[in-house]
């Protein structure tokens, strides 16, 4: 155990302290809150770099620091921190992107009244996200997972006076919680089965060989235990990472401020699902050796990932809100990561996660820059012509787009996507995911071309766009840095020198292969991207939109398809009609049961009691009381009659006394009382 | 002895009866004083000299004086106005009732065999004996009677006192 | 007729005289005096039984009579005071005029 | 053992205080009376801390025992004692009561009478938690209804009369069956003492005395006692008295009712039903488990449908207390099969008791604040955008809400996690169905939060006044405890661990 892992807790603790400062600072302490948040983040970044250095010194080792949270009768509930290359790379990425976005936020949120609160929530998010990354316990990971969800909830609903923002925040929390409940069940199952939730614990953790061997027995339904647990945990990832069928919350989450979208809903939190699956990868692959199971956990992951990748790209084609296009693009890219995990290349997934984090954060921040400059105009139909007004934003945004599209050779996105396509092509179970991914690449190129063309080229199509001006350095500097990263990051994992993959896999030396080995696939990819860009340019770039009301050229050609896609294929309506209605029906049922059945039973008993009471009262009044009353009346009458005898005449009394005496004595004498 | 008793009894009853019949209250009071004196005579006859002494002291001396004062204080109009029997019916009923009582009493007395005639006449009780009895076994009763008398004295004064606080005497 | 019976007859006669007076007369003072006579008749009985009773030496009859005389004296004093008070308020000494006890 | 009768002092100080407050009500100014009431109420916390200092968690039996003959003809004893469970609940009472009094005493009519009744209630609840003989226990149990009734009826809302009658009659009805059950038990065993009865039950002689296992009487007695406790907790579907009672009671009483009195029922399950009727409970546990599950799921869904915030919080109480029963019945049903899970479930139950007390009391107080600011309105649609005007209030209420829905880092999570961990190990299907309850809880609590605090300012949310110092001081201890127990549950778990381990080890 090195010094680094012992002090790993400092990485999330610093932003947490900043969040506390932000929460407790007075309302006017804007600079204090922002300063604390940025300072803490910088500290975390430095610590993360140190941790990375510590991890790379021995990439094969899982350094852990475990401690008991509290005693539980039969053994303590233990938590811990873990340091390995995966953790370290994630830490550095999260801390770095967070730092840049914090800096960007100081410019973007300058006018907001709740500026201080914003940084408090952001710091809380960063703390939870970093905690999630460094956790060595599924429980600690779950705790941070939920806290990340809370921070996301608070930040989506940051402009809470907007009803749409409040509703989106609630939708996000509830939807992800559905997945989290699956996660929770998986976690409980694991705890019950293994007695520990630690990943690595010197041979006793559940990701280590001894424990995994226990998980291979079959359930009555035919699944292996590890498959079932793995799929339950995957439910959590589906919720958090916006995978089909729980992807509906992510586009709505764009109601939050743009830095939030960049940090949480593009770069970090949504990628946590991918990270989670990568973290428990030994568990996910534990059933690969079993031949006679109906389904492997990873197969499900692959298909869901591929479907989501295609779905997201499709829907993005028909969106008009700049942030929603990027949101669906995020959904799609997360699908690619899941696909990579599913087809067995978790290294490719993590590589894409890292590259995507940078270029998608760049794109969102660029979008934020545009929105900020254009006075919160988000509709690309109303923008246009910004390339001349906002040079820095335009250039960096273009670089990010090229990375996302996968323009060959120079851009990180190309290499990471290439790795995924390669892995999907090599998957032995099915080729369907590969075809979906290929189609997704074309679509991605297409809708991004559209985005660029509509936003930056031509002439401004609204007052807001016409008055746009480039933003200050607090906002442009992060863009430049991120753009540099989006390009340079390709260097860490070139096929000929896969440094990142080697480190992640715990290999000391880096063994690359010549670049032409995968040239066929790479060529295909280049052709696909060119096709997509060409199509996009043909439709949107050549004949630029004249004004914001002009019809979309694609919608003219296939109105039904575009309308369906613009409506996001009706998932929200579908859920409202099924899950929502089921939920409402259950609530009504419970309420009716309460009011009428259980409450009715009680009321019936009460009525029965009251009826009995009525009967007895009547009986009492008519018979018992009646008799008693008559007697009383008679007694009173007798008393009145008797009082008539009280004449007040002393003579009479004396006489009566004497007569009484006579009678008594006569009785005694004559009766012979002797 | 018996003769003496008869004589005393006759005088006593005669005085009492006359007192009850007299129409003049003053006469009634004086005749009653006589009857009380007769009773004292009876006590003497029976050998209870101390009782006879007390009878004379209390009744003949004290009560008769109070009665006389009461009579004088309640006289209306002429001092010698007779007190009439205002209701013949009541008088008759009273006398008949008394007669009834007398009848049953006589019946009881005469119908009861009492064979105590053989007992010797006891030595008369001495004052010393009475004193010892009073201060011994009956001390509590004596005390209570003392208190009673005091209270009666105060009570009599309070009841009979003139209460006209609002009307100062001229 | 034994002396005891004679005494008892005498006392009962006295009692009846008192009773008759108390019942027949309307003057409150005379009613009180009649009652006083009845009390004295009872005293006669005490003395007679003391004199001729089975245990004359105890002297209980004498003591009783002494107490009775004391109480009677008190009674007479209070009773006559009441008569005077009533007379002062109602200007009457007729017993049948005081009927406050009527029910 | 301390020679000073600490537990008697603990129980009777509030009663004596109630008398004092009542006597002083016209002689001292209101402020003095209020201060005195809160001070007396705080005595429980102080004495509870004393008890804590004398308490040895390693001992699983009763501690600080006081035992005197009371009615020797009936073998009734004045028997008080304390174990980890009692101590946790005594401390809870010591926290909730002063907070509730402090928070609500300023606004009520006749604060002295209110305070005196409240102190009576507090003493009775404490008596229930420490009495070890059925007779005094039952006396405390029933006595607690009297002040609760008057608090509810005299200080409650418009429908309070009906709700109070329903509450009292329903509860007394249940208790009557319990009394009958104990009468039968006494005829058979000749003692009212819980400890002795439990010992008899352990060696099986109790069932033999009642007529042998499977005979009519043990079942009947068990059902009687079960009914009494089920109404009190309340176990679904005997819960219909609870929403109107909690909703119509004055805020302080609601806080106490949900914070402390609802724990009396679960306490009864753990102290009486569990040790004295192990075999019948095990036999009946599976159907009871279904009922508890019904409470968890239907309680949460019914809450979703409520338009009255207080009723909503009341239903969330049904839901949260049903988790406790769920764990209890799961453990009873499974018996000795999985001691680790049983121990977790039982710890979870006790932690949940404490945690629910904190968060539900805080929630009721928050609804009370809303009610007080808006002239008694407390509908879901009566407010809007309160957070803009009252950020502190929104923050505190939000913390209480998130604690209630089991957010990690706050106290609610620990208890629920342990319950789920235990129940999953004993009855996985029940745990799976119960997650529906977790989801529904999140939905209705967030709906509460969204409708009241978010959106544009509307209804009574316009110009909403933020918390003043007194309200802040009321909520602060609860919020601080939520954090402390959420991050460091060992504080409580340490008190009950040996006890729970012993229980889990002695299952049939």
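Per-chain numbering from 1; labels A, B, C and D assigned in written order.
Here is the rule we go by: a contact is a pair of C-beta atoms (placed from the backbone, for glycine too) under 8 Å apart; a residue touches a chain by one contact, two chains touch by 3 or more.
In this text the structure is predicted, and so the values were computed from the model without any measurement.
Of all chains displayed, D has the C-alpha centre closest to the centre of the whole protein C-alpha set. Counting C-beta pairs in contact across B-C and across A-D shows that the higher total falls to B-C. If you average the CA atoms of subunit B and of subunit D, the two centres end up 86 Å from each other.
Centre-to-centre spacing of subunit B and subunit C amounts to 6 Å, using the average Cα coordinate of each chain.
With centres taken as mean Cα positions, subunit D sits 82 Å from subunit C. If each chain is reduced to the centroid of its CA atoms, subunit A and subunit D end up 33 Å from each other. Contacts with at least two other chains are made by residues 651, 655, 658 of subunit A. Shared contact sites, meaning residues of subunit B that touch two or more other chains, fall at 90, 93-94, 97-98, 101, 105.
All chain pairs that touch, listed by label, are A-B, A-C, A-D, B-C.
The touching residues of subunit A, when paired with subunit D in their complex, are 69-75, 117, 139, 142-144, 146-147, 150, 157, 160-163, 165-167, 169-170, 173-174, 177-178, 181, 184-185, 188-189, 191-192, 195, 583, 586-591, 593-594, 597-599, 601-602, 606. Across the complex, subunit C is touched by residues 642-651, 654-655, 658 of subunit A.
If you check the complex, the residues on subunit B that touch subunit A are 90, 93-94, 97-98, 100-101, 103-105, 107-108, 111. On the subunit A side of its complex with subunit B, the touching residues are 651, 655, 658-659, 661-662, 665-666, 668-669.
For subunit C in complex with subunit A, the residues that touch the partner chain are 19, 22-23, 31, 95-96, 98-103.
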